[in-house]
Every structure is written in structure tokens, then in C-alpha cells.
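For reference, the structures are reproduced in the following blocks.
What follows is subunit A paired twice: with subunit B in the first complex and subunit C in the second.
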Partner chain A sequence: MPDAKEVIVRVKRQVSPKGTPYWEEFALPWRPAMNVIICLRDIAENPVTREGQRTTPISYDSNCLEEVCGSCAMLINGKARMACSALVDKLDQPIRLEPFSKFPVVRDLAVDRQFMFESLKRVKSWIPIDGTYDLGEGPRMAPETQEKAYPLSRCISCGSCLEVCPQVNDNNKFIGAAIISQVRLFNMHPTGAMHAKERIAALMEPGGIQDCANAQNCVKACPKDIPLTESIAEMNRQAWKQALVGWLVG
Partner chain B sequence: MSRTATRSETDYLLRKLHSFTGVIPVGAFLAEHFWSNSYALVSRAQYDAKSQELQTIPFRVAVEWLFIFLPMLYHGGYGIYIWLRGKSNISAYPWVGNWLYTTQRYTGLIAFAYIGWHLYTERWLTHGKSTYTDVEDLLQNPYALAFMFIGVLASSFHLGVGIWNFLCKWGLAATVKAQRAAGALGATVGFAFSVIGVLIVLSFWLNWHPFDFYLK
Partner chain C sequence: MRQPKIIVVGGGLAGLMATIRIAEAGVSVDLFSIVPVKRSHSVCAQGGINAAKNQKGEGDTTWKHFDDTIYGGDFLANQPLVRRMCEAAPGIIDLLDRMGVMFNRTPEGLLDYRRFGGTMYHRTAFAGATTGQQLLYALDEQVRRHESEDRVKKYEGQTFLSAVIDGGGVCRGICAMDLRSMEVKTYPADAVIFCTGGIGAIFGRSTNSVVCTGSAQSALFQQGVDYANGEFIQVHPTAIPGEDKLRLMSESARGEGGRVWVPKNPADTRPARSIPEAERFYFLEDWYPKYGNLVPRDIATRAIHRIVYQERLGIAGQAAVYLDVTHISREVLDRKLEGILEIYEKFLGVDPREEPMKVFPAMHYTMGGMWVNSEDQATNVPGIFAAGECEYQYHGANRLGANSLVSCIFGGGLAGPAAVKYARSLEKGAESTSTGVYENERKRQEEKNQALISPDGTENPMTIWRELGDVMTEHVTVTRINKDLQTADVKIRELLERYGRINLSDRTKWSNQTLNFARELGNMLVLARVVTLGALERNESRGAHYKPDFPERDDANWLKTTRAKWRNGEIRFGYEPVDISQIPPRARRYDAAK
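Coming up: the complex of A and B.
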């Protein structure tokens, strides 16, 4: 009988940043067009495990519910996914939910992605337009450049590219594909280009672009289809030119 | 911009040097080595003449250390350091690029160990005067023969993937289309080197000289 269908969800939980992880299993009534966020909401409405034990609602980050805010990224059946766009009917059950492994856990499925924010600050991932006087209008951007820049601007800092990257781990401070792609975006902008050299220099610091080992997992995992490997290659070329040729020809 | 000048680029430059030495001179030497050794496919005498020519080049020891031994030591040693700072995850993400990432590490280690043994048997034990007969004798040992095949295949694979990596990591193949072409080039090089390497080993093992009709 279809209305008796159940959705089994296993969640890796953790009470605090230093807490010991443990698993809890939930059996939820199936509904049409269910996604993982709906499962988590249903658990919050009735936080009772499959064994009938009362528990706490699961902590997780989410906001837009349409794959543009990047906050609900987590491991779904072992793969980096956005919970809002992960449809239950397309997932193998039991559905395993785990927090991202490359970021510190705050609680349950919520992780702290401060590392990405710090990296974005490190590479000056913005366009300075304020001065002590009115700087006036900036230069115009060619439509061709706009077409290249737009896909890069869709990055939602979800961290999926870092999660799947073999080079991002405890032994390494690699900043990851998203940040490198943002440098490309801001260096492509006619006003942003005024700080291009500074951003490239930041990319060559320890943990920078050199730590990419070309496994190309990032581009496969990116939920926004950003051409991350193109961005990395492009920035790689600009970086070595600046580092190796820059001191000769300026 | 004064802050940028004080930033450390050492890590960046060492990593770039690792990438560069893999192609030049290590990869280039592999190409030269396979070319010279393929004289065995012509005849024993042709091979001995070619190897004697190489063994009597001017500044031999300096050339060997500067263009062969030191770059290989650096590429291998730094490569192990890179391996230790990565964490393979092919079970979770079994994509082609990810497989190549992992196999690149294992083939690199195999090739490094093999080259060490190969240098010991063919360069040190023979005092740099290895001949066709020396190699032929060595390959009568089945373990040596097996290691020779493994070493040739691991080195060829590692060079093929390395060329793809190099073209991507220096931004010479930046677009998706260019990276696909770089992948095809790497695969072709890896495959061609494997075939030629295996033919050379077979030539020594079986005393087989398919191009000896040139001399008739």
C-alpha cells in the first residue's frame, strides 16, 4: 500500500563541537516530492527515533530551500549534496545524513565554514569601490567577459568542492576550488582587476593554488555547475607568469 | 603592494619545481632512454654501440647528476611529501580524475623504487659500462623480468598522467575542450611508452630483434 510507505533516515549526530558522534535512525511517513530538508523538519515535529525513543530535533543549517544559499550542504549517502535539492525518491534507503567532514562540526549536521570566509578575505574576494573621494563610474565590462563572469558569480560557498577534494584535509591548508574561482571572477572585473596582482600573490601563499593536484572532483561535485577546473587552470597560468616572469619583465 | 613582496612564495615555487622537473628533465630523459634502448630492437651490436656512445659523453658524471639523478631524487622525494599531504577518497567519489589522482601516487612510488633498483643493477654494478649481455643476463631472473615490466608500465602511466596534470596545472590547457585534448595527449603518450617499453624488454629477454632486416 503506497500510503503506508516509510522513509528511513539515519543521522550522524553530535551534541557539541567536541562531542562523540553517534547515529540515530528515524522512520518517517512518505510524502510526494519529499526532500531531505522535509525529512529533517518532520523529525523536528516529532523527534522520536525508530525504536520509539524520544530525542532532540536535529540541528542543521538551511535557508533558501532552492539551492542558492549554500547552507544546507551535507553528506547524503556519503556524497556531498545540498539537502534541499536531494529528493528522497531518488535516494537509496536508509538515507544516511552526515555533516561535512572537512569542517568543524557545531552540532549534528551544522558545520562551521569559517575557513572559507577567512580564505575569501585572504584573497580579497571583493571589489574595492570606496575612496576618500568619489571615484566615479568604473570602466565598462565587455559582454564577452560578462558571459564568462556570470557562471563564476553563482558560487554559493557551500563547501562541496572542498569536501570532495583529496587535497583538503588536516595535513594541508589548501583553500579549495571555490576561492580560486572567486579570484578569477574578481580579477576579471575591470575595477577588480586593479588589485589583480595582490589577489594572485595571496593565491601563491602556503595552502594556495599550488596545492591543487588536479583530481578534478570539485567540478563534478559543484551544485552550481561552475567551471572550477577552468578557473584553476586559468589562475594557475596567471600565477606562474606573475611568480616566474614577473620579476623579469614586471 | 609592499605586503605582497614579503609574502612567502617558497612553497609555491617548490611545488612548481616538482611539476616542472616531472616533464623536464625526468620525462624528457625517459623519452631519450626508451629511444636509445630501442636500438636493441635492431641488433645487439647497434645497442652496444649506442650505449657506448652515451657512456662516453663529455662531462658524463656532471650531466648524470644534474639532469638525471638530482631531478629524479627531487621529483620523487617531493612527490612523497605531496602524497602525505593528500587524502585519497576514491571509494566515496570514484570519478576518473580521482582514480588518476590516486594511481598517480602509487605508480610514482613504484617507478621511484624501480628506478632505484634499475640504477643499482645497470649503472652501479656495471660501473656505468652496461652492455646488451648484462641486461640479457639480468632478465633471465623471472623476478627481475617481472619488475622490469612493472617498472616500465608504472613509469609510462605516470608520465602520461603527468603530462595531463602538467598541462592543466600550468594553465596551458585551460578550457574544458583543451583539458580533454590534454587528457588524450597524456593517454597517447602513456600508451605509446608502455608499448615501446614492453617491446624493448621483450627484445632483451628473448634476444629478439624485429628491425634486424635493416642490416641484411
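Coming up: the complex of A and C.
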């Protein structure tokens, strides 16, 4: 049991994408309302390990610090979480910090999640408006529809759902729950629905929705409580329907 | 015809809107951002976006929106562009709606509107309490579409270091550093639009995101771009205190009926909900009967400071007041405010639907910023444009809630085509600028990196930053006293001197966040002086700038724009008249109808 006035943090480090991972341990003064970001800032101000060795500050991504930008996702005590909302007093010590394992490490806890943004391009995750000039109001929408769609639109592209998915691995480039849920969002919008077919077709390409094995880890890991498994089920339905129509007409 | 090349620096709302407009004009655009643009600070905006659509039949008009904005800004804003922005706002809402923003709806399927501070009208469209996130995503998606069709090239993970300015004083591109390889490179362009956001980091802790350091603005200031009204800093009345960040509790909580109060007896230790109505002091409602909890932010913030520091009525003697939404039904709270209530719950472990929130004011926004003209967002350096929070044009001495999103989109939408027009008008573009101009700038920036990384210093950048934040927060926020402002400037100059002896704990050449932070810190220190000295000079009280020794607004001497200039390594202040051609200044008060 560590001293009650100390916070012990173990960090899995790596100097570059090709570097060999190694661990360092830090002992930090405990303060009320500490989160993992504050721990990393303490280390930056005094980068000395628990053994008294001088080291470098830890690289990590962060920005908004209120769980809405999606930057600071990492493994905290083995769980995919946002570092800003991970409160020290609610974590078992020593606190273990590791980079996400399903994305290339840039340095230490910072990883490259470009895959997710490329996937959004692949499925045409947007409403194809004619232009930004004045074309009057948008389509009317029932409050019910908005209330269903809004939670989906809060996806912060943190990558937690990919990190916990067994189908995302070295042998399989599964597109992941977040992207599937975005397709559902755009297909729900009155204008977006006009282009539903091309998004569904993109979702059925290699690495697409058919690769989901229904482990349902994604929905438990999502920090924004997005109903991801509901989205996958709905998109499966739309994909089957499109495939069936294609086969009948084809 | 020669095809121009435009660079946009910053991928928040203003930068993305500028990018879309340029791409639509068929001109290729390079978009630079420190973070993937989807992670920009605009995601933190919560409450909504203003537009006088009069959707509630209250007789709201764009003129009233204009008047509220000018009045709320205490008559310091130049009026013509503000008027154009308010007139454009309903069209901006329509555009966002067409882009698929999931705004809350009325039973008829129309957009819903709520009230915000500084107005009597329901003028604020909203998407739950994460409106900024929803708007940013809509523009991010449009930019991604242009990117997939090769009209936009993104350079994410790049930080802006300096503008490339030729011998004639014309901007010909930028110098930027790759935050992974740490490589410093120049990028030619015929025009550059800066949309680099806020400056919260010079106050240490604020409601701003980590990237909001003002480093780009300061670097440009030191290259000759003037900086206007820097002393006008908005301190938001309601935030959750925290050691790493002061997390915003949106004005929309009050817009939906939230009430601010303290126990009449500061020694009252009962749980908030068991304190009877008669023993609560709803001080905003008492002091400002007309606007109540929806007075503008500068007024609410000073009222809370008065309650805590003069009346000594902070909860249990601490620097906190209650923001109470417990009387509103759970169903309404979850439909309209869930995003912010969730933040409170996650970071404090208390459900604000059951317990009143404890809040305190926090540095939130800069009304001041890079000087731009009153037509098309151009700065005083040819080829450099600015839009969004990093420029000064729209909010005068105090910004009204839900006006920032509209000013970002309007300003960005104006800057994009303006930059294209400017670039097309050039006889000689960046391609005819000599390579020596670029190489000199690159070398100058490389040398700065080398100086920082050399191992002979003793000062830790994180420590200097903490000391800067402490002195700025103590002396340059809500209440300003000349003697204290002088003390603050002496301290910042000491920090600048210590900055010269900096010691980096990381000297590696890959993804060195310490080096990048040290570079930003140098610029933050200069900008902190612009803010502090601007405040020292202005001997009056106006909007967010409050001096108890000069408690009145002084139009005879101070109805003018502060324009800071960098001359031979020194900050110099000039002043220019405010364009008050449309609404003559009148006294600003919120205890009665205006």
C-alpha cells in the first residue's frame, strides 16, 4: 500500500514508433480532485522517476480536458478511458498508463488515430449540400428523430470502441463501431437519406460491417454512452436490405 | 489565369468556414492545425448560437440583436460589421441546419430557441448543451468532403511558428514545425488566414483548451500585425474550479431557468436543498430585477466577486456560489442540458439534478485580438487575414453569450473569399518570391529552437508558466488596480528574463512536446504584457474592464480602440476612434429595461 499522501503512477513509455517499450514509475504528491492529466503535468514539471533518475516528460495528446475533444484516450489500469475524466481517487494504485494498443504509437502515450478520419472519408460521413450560399431553411425534423440522432452525433472519435474490439487486430482492419454509427446518423437525416445507398455500399466493403462479431465491448467502453450496438444492428438491417434488393433486381 | 494558393492556420469554426468558402471558390487551400481539426477548441462551446429568427413570435429583429450586441459590448465595437453579422446570422443558422446539425426541435419540427444573457428574447439555437461540438463537426464534415475531392489539403500536427514576410512587408507564406519530426519548414502562399482562437493559457487556468495559448497571435504581433483591445478579457461567471482546468458551466443553465444564490448566513452548513427559500439570497435577481440571472457575463462575474470578497457570503466562507437547476424537471434537463450536467457529474461525482452546483468565475474569452479592418478581416500586414476569437472586431468590451459561434462563422465566411480576391489581385504571387526569403525565415526559426534546446539553462518552462498564470489571474482579470497592474508587468518582465535561461528536460528530436511548449511560452509572455499594459493605460471602466479607481465609463477620453504595435522590440500603444455611426452610445444598465 503506497503512502496515503502519494500517488504512484507507472507509465509504459516508447521513444518513437519503432522504439522498444519500457516502464517508468513516479511518486507524486497527492492533492484533492487530481486526475491523470494533473499527474502527467506534475511529471513534466519535475521529470524524476521514483528511483530518483532524471527522465523526460511524457508525451501524450490532450486538449479540451472535459471529455469532448477525444484527444486524451489511453489505457488506464488496462481500461480504455479518457485521461481528463479519470479521477485519481477512484483508481487503484499504482495507476498504470499505457498507450492504446490498436493504433501506432507516436511516442509514449500518444498514438496515431488517422485511420478513423480516413474511415469517415470512406463512408462519406457528411451531408452533401449544394453550397454555402443562401438556399433557405433546412428540412423540418420531428423532435423524436432529433432526440434519436443527437446522441449519435456526440461521437468524439476517441477510438475507445476500436481499442476494445477483438475484431480490430493485426490481421483485420475492421472499420469499427464509431464509423458504423456515423453512417446511421447520416442516413437518418432527411437530406443524408438521399445518399444512404452509397454509404451502405462503403460499409459493406472489406473490413466493413460484416466483420463485426458481436462482442459488444464497444458499447461498454464508449465514454459518451452512444448506443453503438443499436447502431450496428440498424446498419446490419439496412445492409441486408440493400444486398437483398441488389440480388433480386441484379 | 494563375491559380492562387491560400493557407488557413487553425481548424476551429472560423478556420473551417474560411476553408469551405475558399474550396467552393475553386481555389486550393492548405489547412494547418496543431490538433486534428475535429479536436479544436470550438468543441467546448456549449449553450448555443444567436440569430434573430423571431421563431417565438416575440417581435425579435436583427436590429435588436445588433443593438443588444453593441450595448452588451459597452459601445466599444465598430458598428458596421457587427450589424452585418447580426443580419447574416439567420442565414448562418439555415446553413448549419442544412449541413445536418442536430439542433433541438419544436413540436412543429422547427428549430427551438432559448434565452441567453443580455437579451430579453429567445434568440439562441442549440443542440443540447454541446452546440459548439455539433457545429464544429458539421463544418469538419464539409471540409472532409472537400478534402476527399482534393480541394483541401490538411496539415494536422503542425504548429505555426511565423509568417514569411518579404522585403516589401508582404506576407508570402508561413513557417511551421511538424510536431512529430520537429522539422521546421516554410510553405509559400499568396494569402494566409489566421483562425488561431483564444489565449486562455496566459492566465494559467481558464475554460480554454490546451492549444489556446495565443502563441500564433503573439508571433504575428512581433512581426508587425497590430493587436487591438487586448485588455478586454471575459471572465465567465460560472465554472467548476479545477487544478488543470476551470470547466465551463454554460450560461444556458440560466437560460433554461437556473438560479444563482448563496445562503443568507455564510455559516449555514446545511445541505443546499434543505435551506428554505427565505434563507437564500438570489442576489442577481435582487440586484438586477429586469434581467435577473441573465445579466451579461461581466455584470454577473462582478456580482459574484462582490458577494464573495466584499459581502463575505461565499458558500461556507469559500469562493463559490450555487448555480441551481434542481427545480427544473429531469426530463427537461436531460433534453436540453445533458452535456454540461454530465461534465459536472463526471468531474465532481455529484448529480446537479439533485444538488445545486458550486461554481466560481473563470477566465473564458478574449474580446481583443489581432487588428483587422472593418470590411473584410484583413490585418495591417498585406496578405494576412484573421477571423474568430483571435481577432477583435465583433464583441467590443464584453461579448454576449452565444455570439462567439456566430462571429466565428461569419468572420471565417468573410475572410475566405476576401483572401481569394486579394490573392487574385496580386501581380506577382508567392511563386515569384525569392527562395532566400523563405530560407532566411526557416533559419531564423531553427536558431530559436537551437537556443532553447542548448543545455546551459536552469529555468523550467512549466514553472515559469505557472507563475505567469498566477500573476495574470490575480491582477489582470475581474478587478484592475493600476499599482497591481504595474506589479504584474514587473513580474512578467522577470519571467521574460528567466525565459532566456530556460532548461528543457527533453532535448530529443522526435515528438518533443517540451520544446513546442517552450516556444509557445515565449510568445505567451509577450502577449501577457500587451494585455496587462493595455489595462494599465485605460483609466476607465467599460464592459469587462473594471477599475474601482475609475468606476465610470469615460466616453470623452476612452471611447476608442486600443491598438498595440510592436516597434523595435517594444510594445507601443496607439488609439483610434470607434465607428459609432449607427447607434449613439448611451448609458449601459441591466437593472431596468434599456
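The rule is simple: the second predicted complex is superposed on the first by the 234 of 250 C-alpha atoms of A that agree within 3 Å, B and C clash if a C-alpha of one lies under 4 Å from a C-alpha of the other, contacts with A are read in each partner's own complex, and residues count from 1 in each chain.
Heads up, the rule we're going with is that a residue touches a chain if its C-beta (ideal position, glycine included) is under 8 Å from a C-beta of that chain, and two chains touch if they have at least 3 such contacts.
Just so we're clear, the structure is a prediction, and the values are computed from it rather than from any experiment.
When both complexes are overlaid on subunit A, subunit B and subunit C end up sitting side by side without clashing. Of the two partner chains placed by the overlay, only subunit B lies in contact with A:229; subunit C stays clear of it. Contact with subunit B, but none with subunit C, is seen for A:79 once the two complexes are overlaid on the shared chain. Applying the stated contact rule after C-alpha superposition, one finds that A:66 touches subunit C and leaves subunit B untouched.
Judged by the touch definition given at the top, the superposed model places A:143 against subunit C, while subunit B stays out of reach.
Touch criterion met: A:197 reaches subunit B, while subunit C stays clear of it.
Using the contact criterion defined above for the overlaid structures, shared-chain residue A:37 touches subunit C, although it does not reach subunit B.
For subunit A, the partner with contacts to more residues, out of subunit B and subunit C, is C.
Remark: in the superposition on chain A the angle formed at subunit A by the CA centres of subunit B and subunit C amounts to 160 degrees, rounded in steps of 10.
Superposition on chain A places subunit B within reach of subunit C only down to 14 Å, the least C-alpha distance between them. Counting contacts by the rule stated earlier, no residue of subunit A appears in both its interface with subunit B and its interface with subunit C. Residues 15-16, 31, 33-35, 37-38, 41, 44-47, 54, 56-57, 59, 61-71, 84-85, 87, 106-107, 110, 113-114, 117, 120-121, 124-129, 131-132, 134-138, 140-143, 146-147, 149-150, 153-154, 156-157, 186, 189, 191-192 of subunit A touch subunit C in their complex. Across the complex, subunit B is touched by residues 78-79, 164, 166-167, 169, 171-172, 197-198, 201-202, 204-206, 208-217, 220-221, 227, 229-230, 232-240, 243-244 of subunit A. Residue ranges of subunit C in contact with subunit A, taken from their complex: 20-21, 24, 35-36, 38-41, 43-44, 91, 94-95, 97-100, 102-110, 127-128, 130, 133-134, 137-138, 141-142, 144-145, 147-148, 180, 209-211, 242-245, 247-248, 335, 339, 343, 346-349, 413, 460, 462-463, 466, 505-506, 508, 510-511, 513-514.
On subunit B, the positions that touch subunit A within their shared complex are 1, 3-4, 7-9, 11-13, 15-16, 82, 84-89, 92-93, 95, 97-98, 100-102, 164-165, 168-176, 179.
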